[in-house]
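One chain, chain A, links the two complexes that follow: it is found with chain B in the first and with chain C in the second.
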Partner chain A sequence: MSHGHAKEFKVRWGMVVDVDKCTGCGACMVACQVENNISPMVRQDKENYLPSMTFERDDPSNKMRTLTWLMVYELSNRKDYPDHEVAFLPRPCMQCGNPACVPVCPVVATDKNEEGGIVSQIYPRCIGCRYCMAACPYHARYFNWFDPIWPKGMDKALSPRTSVRPRGVVEKCNFCHTRFLKAKERARQEGIDPNELPEGYYTPACVEVCPTGAITFGDLNNPEHKVHQLAHGKYAFRLLEKLGLDPQVYYLTKRDWVRKQGDNYLANEEPHAKKH
Partner chain B sequence: MGLNRRRFITFAVGGAVGSLFTPVIWKLTDDVSIWTQNWGWIPRLKKGADSAVPTVSKLCASGCAVKVETVGGAPYGTKGNKDNPLSGGGICPLCASGAQLMNSPARVKGPMKKTGEGKYDPVSWDEALEVLAAKLKSAAGGDGKALFISGDDSGTANEVFSAFMAKLGQSGFYYMPGEAQAAGRAWRETMNGSGQVGFDIEDSDCVLFIGADALDSWGPTVRNQKAFDATHPLGAEAAAKYVYAGPVQTRTAAVCDKWVPVAPGGAAAFALGLAAILIKNGASASAADFAEFKSLVLAKFTPGQVEKMTGVKAAVLADVAKTLMEAQRPVVVPGALGGGAAGFAAGAALNVLLGRFNAKGGMVALPQAPKVVSGAMGPAQALGNDLAGYLAAVAAGKAKAPEVAMVYEANPVYALPQAETMSAGLAKAGFVVSFSTYLDETAAGADLILPAPHPYERFDDLQTPYGLGRFTYCLGAPVAEPQLDVRSTPDVILGLAAKLGQDLGFETFEDVLKAKVEAIGGNWDELAAGAAFTRSGQVSGGVSLGAATLGQAAFPAKATAPVAVAPVMRLNVGSGHVATPPHNPTTIRDTELKGSVMCVQVCKATAKQLGVSEGSKVKLTGAGGECKALVHVFEGVMPGVVAVPLGFGHTAWDEFSKGKGDNVNKILTARIEPGSGLTTWAGSTVNVAKM
Partner chain C sequence: MEEKRASKGSGGAIPFLIGFVLSAVFLWIIFPQVIYCQKDQPIRFSHTVHKEQGMECSGCHFFREDGSYAGLPSNEQCAECHTDLMGQDPAEAKYVKEFLEKGRAVPWLIYQYQPDNVYFSHKAHDGFECTDCHPNLGDSDTPPPHYRNVITGYSKQTMKMWQCERCHAEGGVSNACYVCHK
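Take a look at the complex of A and B:
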């Protein structure tokens, strides 16, 4: 796929996140790690331990080393007390219509060519060059600095849905793609066209557990799906829309300052007109 | 034919090009990429039937109704239970880690007996129970010789424990202090209320949270969040107004329509200031002490006086009062974080003045499930026992230390206010037994550890978790067989009772729960399949406005140090009972914890006053201890206040929480609240010194 000519899909899976409803509780981040077998950050690799040559691994407070496919950011309106406001913004992979990461991959380990518009990530093909990470303006991609290690016994609680990735590869949110496959399978069994999944058949883990209902998921192209209507609503915006990457993740807010930060505008700059 | 240079090159290039037309190279490349990513230490996934089994998870304080995802019968994930009103499909960040906590490295693997300082030997259950039975036998005779602390305030297991204690002739059955305990005691003793108080926020069009961080850590959090969800439809105008009043812009404040900063310890004064405005505007109540209440608030809680006590400007106070008066179905939800009766009673009195007691969308008195274990302590007595007050008295030598202390699903050594004093009180007990699933701080210092199964491995129940607006009962049945040598604590106690010649009327805890389900009129099979039993209806009867207590207790305590402390609980970090689960450290921001040092939050004005800036190392010193932290400047904290995170500073558990940050319970100051006699730590103050 060449840059600038987005492939057209009949189905575009997308998310609409209401920033005004997110409390930043973190349940979605936990559910994401559980679903996708992201290992807890342990300090020592006992399997590959060489005395005096093996360093302890980084602490989870070093956010350059964490694997957070879904990251909840804390936003501030940057005003002093008592006019201060705070908001929370969950950021999955934007599954851009015109992704910056795809054309830079030298080994085609990431692509956008499956019906549904989810940007793939093929771990065994990834050579860990991290060009895609440099290209992604949303910081949605993460590099496996360490082999995944579950403390003894915890590997019993691995999710059967997602393969475990070794160190040296890049990974990212794929809208819980195995749930998509499962939903299509269910549709086939029920005699429904898998390319016209009814709303609710396919739900990523974060959407499923969100206690405030801040995240909605569905087919952006399907007028019967709630996300279609929400993405065209007056409160909708997308992150860094001016870059033209056409993300499939929309946000809702009634707060102007949140919307303005969403496109990283300069203090004196006026937001551009919204594009869909 | 010799091999010259030209032939060699032709042969080599031809061979190389030719091999590209075979699958060998491509297959090898593919295999290499797979081989180099498949090492022996990279775990393989388990195969098997995938299912979702309903149960209850008691990892958070209130409990979540969950569905446990299993593969081949082994739990691996946890999601909410859509069919249960406690969840509505949502889940909290602690229970979301349920399956991981089931396999956590911090679990106690079997009964252990202390053999020296920090040294334990595994023992058999029979031997452990012999030891405990002998200790309890020698402690028989004379009240005060045994103590039972329960960290579960909604389970029928408490009936087994308190009945067992009663048969031993002991009245020392205590709940860990928390919202349910403080509100329950204030409701009964200060306001003469009956039943269990709750808040029907689902049906309210205006909710004022006073200090209750209801959308993150107060009460049945997920149900609160679902009520917020229902009244705040996506992309449309909200159907209810939510206001949060408290010293810190918490996660609840972040999504509320308005944040009203109120100084720590000022919640009661703020509520009474609102009451004064309501009364001036004609509000009245049929309570017997209305006249006393009216003269109290009109004389002592005028807008000017309230501003001095709470930092809330008169115009802001008037605006909040107007919001309440203009709403059709307002409700005030007072939090009691910090113990004491005043904060709760003042908020509850506001509901009465607004005519919102036992009204749809208001504050309600709910019926309680009948007791099934004879001799069990009633809620009035159990909620009335003040653990922090008792342990402080034991520590000070003013009360006799128990000979045997039993602790269930609680971590008093870590989680009580002024933690070092309280743990000194507990340490005076002759023999400490911990019925803990995890090696927490209390278990790590106990003489005997009798590990309890994880919630997914046992029978348990939830009886109307505090804060709900309807009578609700949920049952939890085991999802998986225990993998470790653990036994259900109520079953252990029932066995112990039989050993000591007691007859509690039941042989197993499952039988107790069956009797409970029958007593409430529920259906066991439906409840075990994840449904909730709910019943509408309230307990009628008048309440007082608590004027006599509020007249003494509603005034903020005199500051003993320059900076007021606002403890903030964030469920993803952990609760008093459960430390940070393995997957949660990545959800903690680097403005909350940096390496092994936690961050405390102050606004620019306070930072300037203290001579500190972003990243400064500070020491916070309270009456009972000190904490180390880094400063994070956050404008969502009132001036003169330092927001401190609860849930850090564990000294036991596992690498995901041990040694991370400091335990702020140490710097809270426990004192006796005038009027109610309850222990409170609201309005604690500290000295903040740059290190």
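Take a look at the complex of A and C:
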């Protein structure tokens, strides 16, 4: 990318999603919402309701207004039965090596600076201009159109590990970053170097919950971690790889049509596996 | 006329000075007292009395197995000794009657309470003395009052971001946002 040199990290946390294993059950999306204190969309704000003055909130099914840090997309090969096939593609934040969102932020609310390469988002610093949302080609960023409201009783189940966000700021997946901080703390307690976490110490909520084991997580730079091998495998590809954003999320598939939908290939062009 | 008014203007220096002094007194002395609301701990907990019994600091303030820090003892821990009144102190009687017997946790006022979006690991700061950041309560008989900023709601002694950043910078530790924020 023209914007400076990508920062090098000793550890690069990465995710490998096996698209062929994903059944589209959505458990990862639910786990993500719970872990990261994302409130369900409530149509009416009863606390601040003035008849004739308050607009109702959006429909909970309106995906333009809801927050889904991890979104499972349904892909179709657009063929008729009996050749019809679908695939499900979970899309977290790609934690790009050259993030498009970071250089456009006017207040440095988002940055890629910490060891591990996770793109940070500091909510109190965000001014809600949404340049980053416009810049992100993966649509991984979400804007809080409304203050979060938890239905009665559900606020008791909030996770203390994640801070809640007010209306007017942008948020996104951060690979359950506080789990990383917790893992480092545990490593220190056990006398392990926190910069060389063994596999399994740090696992995001979606990876932990996936019933088919479609998501693998670890350090892409560490050959002992499973993701290192998977990301360098024959069936690995990344979304919109041609843009050169160098995402830290890889996908696996043996189906060519799935791979073809992962980037803007020309009609006569053959999709290729990741080059090394 | 114009010149006369200008020369007369020097007499305005005295009211200006009085106003300046008054506002300085207000801003330096009165305002800080107004924005901090002083509150005492719900129980007059004496660290010295507990230390005299031969208790170690780590008996109540310790690291759990996962590296997280147990800063304040729970009622169960206190009840290991305080099943009945052990001494004559009215503070103890108040604790047993109002909290322990009712099964209520004591709402201790925390001098260093950080905002929701701050992550602090005690384990990562294991090498420092507790009193580098915390007030030295270990030798106190009466805990000092807690000053709450009525505008922000935080304690007066809560460490500010620039203090964290300065120490990190001096120690060569990363100041990336996600090192301390969540």
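As a working rule, the second predicted complex is superposed on the first by the 265 of 276 C-alpha atoms of A that agree within 3 Å, B and C clash if a C-alpha of one lies under 4 Å from a C-alpha of the other, contacts with A are read in each partner's own complex, and residues count from 1 in each chain.
Here is the rule we go by: a contact is a pair of C-beta atoms (placed from the backbone, for glycine too) under 8 Å apart; a residue touches a chain by one contact, two chains touch by 3 or more.
These numbers were taken from a predicted model, which means no experiment stands behind them.
> Return first, second, both or neither, reflecting whether A:124 touches chain B, chain C, both chains, or no partner chain.
A:124 sits against chain B and chain C alike.
> Applying the document's definition of touch, where does A:164 land relative to chain B and chain C: first, second, both, or neither?
Both: A:164 reaches chain B and chain C.
> Give the label of whichever partner, chain B or chain C, reaches more residues of chain A.
B
> For A:178 in the superposed arrangement: first (chain B), second (chain C), both or neither?
In the superposition, A:178 touches chain C alone.
> Once chain A of both complexes is superposed, is A:22 in touch with chain B (first), chain C (second), both, or neither?
So A:22 only meets chain B here.
> Of the two partner chains, chain B (first) and chain C (second), which one does A:249 touch, if any: first, second, both, or neither?
neither
> Between chain B and chain C, whom does A:115 touch in the aligned arrangement: first, second, both, or neither?
A:115: touches chain C, not chain B.
> On the A-aligned overlay, A:186 touches which partner chain: chain B = first, chain C = second, or both, or neither?
second
> By the touch definition at the top of the document, which applies to A:101: first (chain B), second (chain C), both, or neither?
In the superposition, A:101 touches no partner, neither chain B nor chain C.
> Considering each complex separately, which residues of chain A are in contact with chain B in the first and with chain C in the second?
In chain A, positions 123-124, 163-164 sit in both the chain B and chain C interfaces.
> Going by the contact rule set out above, which residues of chain B touch chain A in the complex?
Checking each residue of chain B against chain A gives 30, 33-34, 36-48, 50, 69, 71, 74-80, 88-93, 96-97, 99-100, 102-105, 215-216, 221-222, 225-226, 228-229, 232, 234-235, 249, 251-255, 261, 483, 571-572, 581-591, 593-596, 603-605, 635-639, 654-656.
> Name, in rising order, each residue of chain A that touches chain C in their complex.
Per the stated touch rule, the residues are 111, 113-115, 118, 120, 122-124, 161-164, 174, 177-178, 181-182, 184-190, 194.
> Mind listing the chain A positions that touch chain B in their complex?
Chain A reaches chain B through residues 16, 18, 20-27, 29-31, 33-35, 37-38, 40-43, 47-48, 59-63, 66-68, 72, 74, 76, 79-82, 84-88, 123-125, 147-160, 163-166, 168-169, 205, 208-214, 216, 226, 229-230, 233-236, 252.
> Which bits of chain C are touching chain A when the two form their complex?
63, 65-68, 116-117, 119, 121, 123-124, 126, 174, 176-179, 181-182
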